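Two complexes come next, and they have one chain in common, chain A, joined by chain B in the first and chain C in the second.
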Partner chain A sequence: MILFEVFLGGVLLGGMYGLIALGLNLQYGVARILNLSYGEFFMGGAFTAFFVIMLWQFNPLLSLFISMPIAFAMNWLIYQYLMIPLIRRASDQDALDADVVLVTFGLLFVFQGLALVNWSGDLRGYSFMSSPVHLLGATVALNRLLAFLGACALAFALFLVLRYTRFGTALRAITIDPVAASLVGVDVRRFSALAFAAGGALAAASGMLVSTFISFSSTIGVEYTLKALIVVIMAGVGRVTGTLAAGLLLGVVESLGGYLVDPSLTIAINFGLFILILLLRPTGLFTRA
Partner chain B sequence: MDRRTFVKGSAAVVGAATLPTTYAQAQAAPAKLRFGYAITQSGPLGPGADSTVVSQYKLWAKRVNDAGGIMLKKFNKKVPVELVAYDDQGKPDELLKLTDRLVQQDKVDMILSPYATHMNLASAPIINKYGYPVIMTTSTTAKTYELGSKFPFAFWNISQPKESTEPMSKVLGELKKQGKIKGRCAVVHPAVEYGVEMTAAFVDAAKKDGLEVVFNKSYPFGAADLQPLIREAMATNPDAFLAFSYPPDTFMVTEQAQIVGFNPQFMYVAIGGVFPGYKGKFGNKVNGILVYGGIDPTVPGMDEYNKAHMAMFNRPSEAGAVNVYSALEVTQQAIETVGEIDRKKIRDVIATGTFKTLWGELKYVNQLNANPWAVGQWQNGEVVGIFPANKQGAKPLLFPKPAWA
Partner chain C sequence: MAAGTLVLALVPLVASNYVISLFILLYANVALATAWAFFSGATRYISLATAAFFGVGIYVLAIAHVYVPIPLALAAAAIVGFLVALVVGLSTLRLRGVYFVVFTFGLTELVHQIINWWEININKTTSRYIFTDVSNVNIYETLLAAALITIVGSWYVNQIRLGFALRAIGEDETVARHTGINTTRVKVVCFALSASVMALVGAALALRYPYIDANIAFNNTWSFQVLIAALLGGPGRAWGPAVGAIPLLLLSEYLAGSFPHHFSIALGLCFVVIVYFLPGGITRLLLNLYHSWILRSRAGPSGEKMGAH
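Right, the complex of A and B next:
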């Protein structure tokens, strides 16, 4: 029974991993920008939720109406005014990657610094839906379940958009080959900017959902950028449902490994799995050959 | 020459004749006292250093200067203080370079403690070499006991692993003798030096006190889910649950213990348990939880301090920060006793004196704080000191811990 609960805990944890990686995969997969300041929008989403519940005593879910549009707008601006000049001058994707990494690394410190100045470095946390839920005899936290359902809903919505809308088709075309996409009349710059902005909004949403059960501070962003990056690389760049699946795999392996082998090995198990996948399927689990 | 200029002139002569003595005195009194520190302001330890330590340096400097400065009785003059700060980026070698700089180039009058055990330990030899007395405020390790004789200029302010865990083991042993508990203890800790040392100290003490450690497991620092671990601990049916934890997991252990309905009669969390944010998150559920460090909220001056803290940072203080503030008070009192900046004399006063501070009465034996607050407990929404039980202001242990509401 406890094993089932551990498994279920792993599923929820994996949902969280998938959730935080969704937006990064949009940014990296479609817009081809490796945004190292991604986690700062996660942090922003968490803080917005914190202020909404602690200062104004509203439901923190409402903070999504604030943080998501702001993150969307900021990421759109970042793409239009910081990334486009880099894209224009880059001779190839490698040169662009190097520039982008440096610029977004700088942005990371700008956002983190602003957060530190305004919100200090204190550890924050709040209680929201932190009651137990009993599922088939196992106990899970309602807030973790909420984050998991949020991850599923967002991944599903994203999947629908990508598969069944004209906009999504254009995005998929850009993912596969931006040059060819522009040849058939896709406005690559405009759609990439929107995908990048949507990725930022998803980061804020995941920050809000995860903040219901994780304590956080102004400097937490980097940690989550790295977590998201591992999941994105495991899943394969540009794979949305794959991102969720890779996150789930990571979560379940971490939980079961920690329980069955030793809890202090969870990080080793995670990275072992990561290395294994890189060796066996270097382009990611869910990328078609 | 008319009379008036003569008077003026002779006054000038008399003035000039008497000037040298008074002038010399005035010059010898420094215009300000410079307190230098290199501390972690960037990187993962930055926020903790800022909220627990740097905030207190700034607050103390402001309060001292608002009161006119530190009294140097040799010059019969109050001298304002100035802070000289550097970022050591959490790197011991950087800390050493910057400490060199503080001494050689900035020629600061005093040096203040850096942040975190490994940095405090790295700092001890160099401040000792230069003969700067420093009260280390954020170092807890079993190694400390050997350091006193090695580095006479370093003082150690907070409770060490042995003193932090033995009183809990002792009280649990007594409860077992009284038949109130079976004496089963479950221990979890992150795989970092602090967690390992605290656990080792507790397990040792528990053996002596006739307790049974039925569960003892570590987890990686920064783990994302501790529920399986807590489940396992819960399954061993312990009376006492002790997490020798770091801030993020302190929060997580507390939340997930509630989720699974784990209600030990005795529950301890380590670092972070005294943070205002801890109560902010859990509200009244914190009552009865034991934590690392403590304070006596009724100490004289605490209200004024809390008000000044709130005014400066717009957030309440916590026990760890009060410890830092107390080290500054000791330093100030020692300087005022000596009456000038003579670091050897200041060191001797700290080593032998008794000091009234916001953290209670402080005295150092072999440079170790003789009786620091080791264990606190949340009672009625505030942290109070429980152990050492003989310390002034110590409150009785609230046992059993109320069940999660």
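Right, the complex of A and C next:
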């Protein structure tokens, strides 16, 4: 029974990982930009929710109306004015990747530094929907369930958009082959910029949902970028539904591993899984060969 | 160069303790940045594992100095750093590009957690004390020697076949393999050489700490600071990273005391400035200026034509 509770905890944790990784997969899969400052928008979303509930006593869910548009706009600007010059001058994908890694690391430090200066490095947290719920005989907190359902809803919505709209079809075409997509009349730059911006907005949304049950600080972004990246690589770049599944797998393995081996070794377990997948299936678990 | 070395070696005779400490940090940064550029600059495998090897060196010294004399403990740190990098390299240098960056970034965290777990569960402690009577001057000389040997060694390797093979891998790994270079062996050996310098520097700096724990030893800031120093100076030349390390260290000294968070912002802006305005680093900028100046002064009145080339 305890094992089942641990498993359920892993599923909820995994939903959160999937949620965090969704936006990054959109950015990396469609726009082919590995944004290492991704977690800073997660952190921004969490802080916006914190200020909305602590300063104004509003429902933190309302903070999404602030943080998502801001994150969308900032990421659009980053793509438009920082990434496009790099894409123009890069001779191949390797050279572009190296430049992008450096610039987005730079942005990471700038955003993190600004957050530290303005909001200090203290741990923050607030209480929202923390009442217990009984689920299949186990007890879970309502806010974790909310984040899990939010993850499923967002993944499903994203899946529908990609599958059944013209915009989504264009994004899928770019994911598969940007050159061929431009040949059939897709404006690759414009759609990539929109996908990149949408990814940033998703980061902010996931930050808000996760902030209901974790404590966070200005320096939390890096850790979540890393986790999101592990999930994206596990899932396969550009695979939306795979992202949620990979997140679930990671969450369950981490919970069970932490329970059965030692809770202080979770990063080691995450990393072991990550390396194993990179060596055995470098294209991800959910890509067709 | 010999004269310059002599002058630097004599600095502790006249300088205050603060200046000696500053120079110690400078040499540490120079050695680390040069070692980083030796592998990552040439092959374009951007490694963020500097802090991992640096921390391994600190731990080896902390454990070994109880049993053996300090010079042996330092040598042990370099050897263990080499061996750890050999194992890590053999299992992961197949990863390319972004995957390698992410892996090395996480490696520090991974080693950090494993050592923390080991210390708490096996040794029932969280920190180790370092008892030595090594003076600041000795540490100064050790790190000065380490920095110089790293620069000269890196320059020397660039002249021989190994350095050529390393650059060929950076240009195009597939082509390098087809011309008969054993790319795995070259990469792993050079990665391990660079890691052994990092571990040695960590061990030498650890002599100044009264005690260490995993959080002190494995600090990701080292990885970033070293990477930026190397890129700022220009990883293409053996003396480039040293040029970058100096302004960065002074900046961090200036900001760290009163505005620690602003250093993070400055570091971030450095990344951005390097990529957009200084590809190739300060050394390439200086060399370009120098060459155009030579051309202009040689060409005399009709210099405009030649300067265009």
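We adopt the following convention: the second predicted complex is superposed on the first by the 285 of 289 C-alpha atoms of A that agree within 3 Å, B and C clash if a C-alpha of one lies under 4 Å from a C-alpha of the other, contacts with A are read in each partner's own complex, and residues count from 1 in each chain.
In this section, a contact is a pair of C-beta atoms (placed from the backbone, for glycine too) under 8 Å apart; a residue touches a chain by one contact, two chains touch by 3 or more.
Predicted, not measured: the structure shown is a model, and the values here were computed from it.
Participant: With everything superposed onto chain A, say whether chain B and chain C fit together or clash.
Facilitator: clash
Participant: Considering only the touch criterion stated at the top, classify A:214 as touching first (chain B), second (chain C), both, or neither.
Facilitator: So A:214 only meets chain B here.
Participant: Could you look at A:69 and tell me whether it touches chain B, chain C, both or neither (first, second, both, neither)?
Facilitator: In the superposed model, A:69 contacts neither chain B nor chain C.
Participant: Between chain B (first) and chain C (second), which does A:6 come into contact with in this model arrangement: first, second, both, or neither?
Facilitator: Touch partner of A:6: chain B, not chain C.
Participant: Does chain B (first) or chain C (second) touch A:263, or do both, or does neither?
Facilitator: A:263 sits against chain B, while chain C stays out of touch.
Participant: For A:116, decide between first (touching chain B), second (touching chain C), both and neither.
Facilitator: Once the two structures are laid over each other on A, A:116 reaches both partners.
Participant: Touch check for A:54: first (chain B), second (chain C), both, or neither?
Facilitator: The answer is first: A:54 touches chain B but not chain C.
Participant: Looking at the overlay, what does A:126 touch: chain B (first), chain C (second), both, or neither?
Facilitator: In the superposed model, A:126 contacts chain B only, not chain C.
Participant: Is A:137 touching the first partner chain B, the second partner chain C, both, or neither of them?
Facilitator: neither
Participant: In the superposed model, identify the part of chain B that clashes with chain C, out of 57-65, 93-101, 219-227 or 291-299.
Facilitator: So the stretch of chain B colliding with chain C after superposition is 93-101.
Participant: Taking the contacts chain A makes with chain B in one complex and with chain C in the other, which residues are shared?
Facilitator: 116, 262, 264-265, 267
Participant: Over in the complex, which chain A residues touch chain B? Could you list them?
Facilitator: For this pair, the touching residues of chain A are 2, 5-6, 9-10, 12-13, 16, 54, 116, 120-127, 130-132, 139-141, 213-215, 217-219, 223, 254-255, 258-259, 262-267.
Participant: Across the complex, what residues on chain A touch chain C?
Facilitator: Residues 34, 82, 85-86, 93-94, 97-99, 101-103, 105-114, 116-117, 226, 229-230, 233, 262, 264-265, 267-268, 271, 274-275, 278-279, 282 of chain A touch chain C in their complex.
Participant: Quick check on the complex: what are the chain C residues that touch chain A?
Facilitator: Of all residues in chain C, those touching chain A are 44, 46, 91-92, 94-99, 101-103, 105-106, 109-110, 113-114, 116-117, 120-121, 224, 231, 261-265, 267-272, 274-276.
Participant: Note which residues of chain B are touching chain A in the complex, please.
Facilitator: By the definition above, chain B touches chain A via 44, 46-48, 50-51, 191, 217-220, 222-225, 227-229, 231-232, 235, 247-248, 251-252, 255-256, 258-261, 272, 275-278, 280-283, 313, 315.
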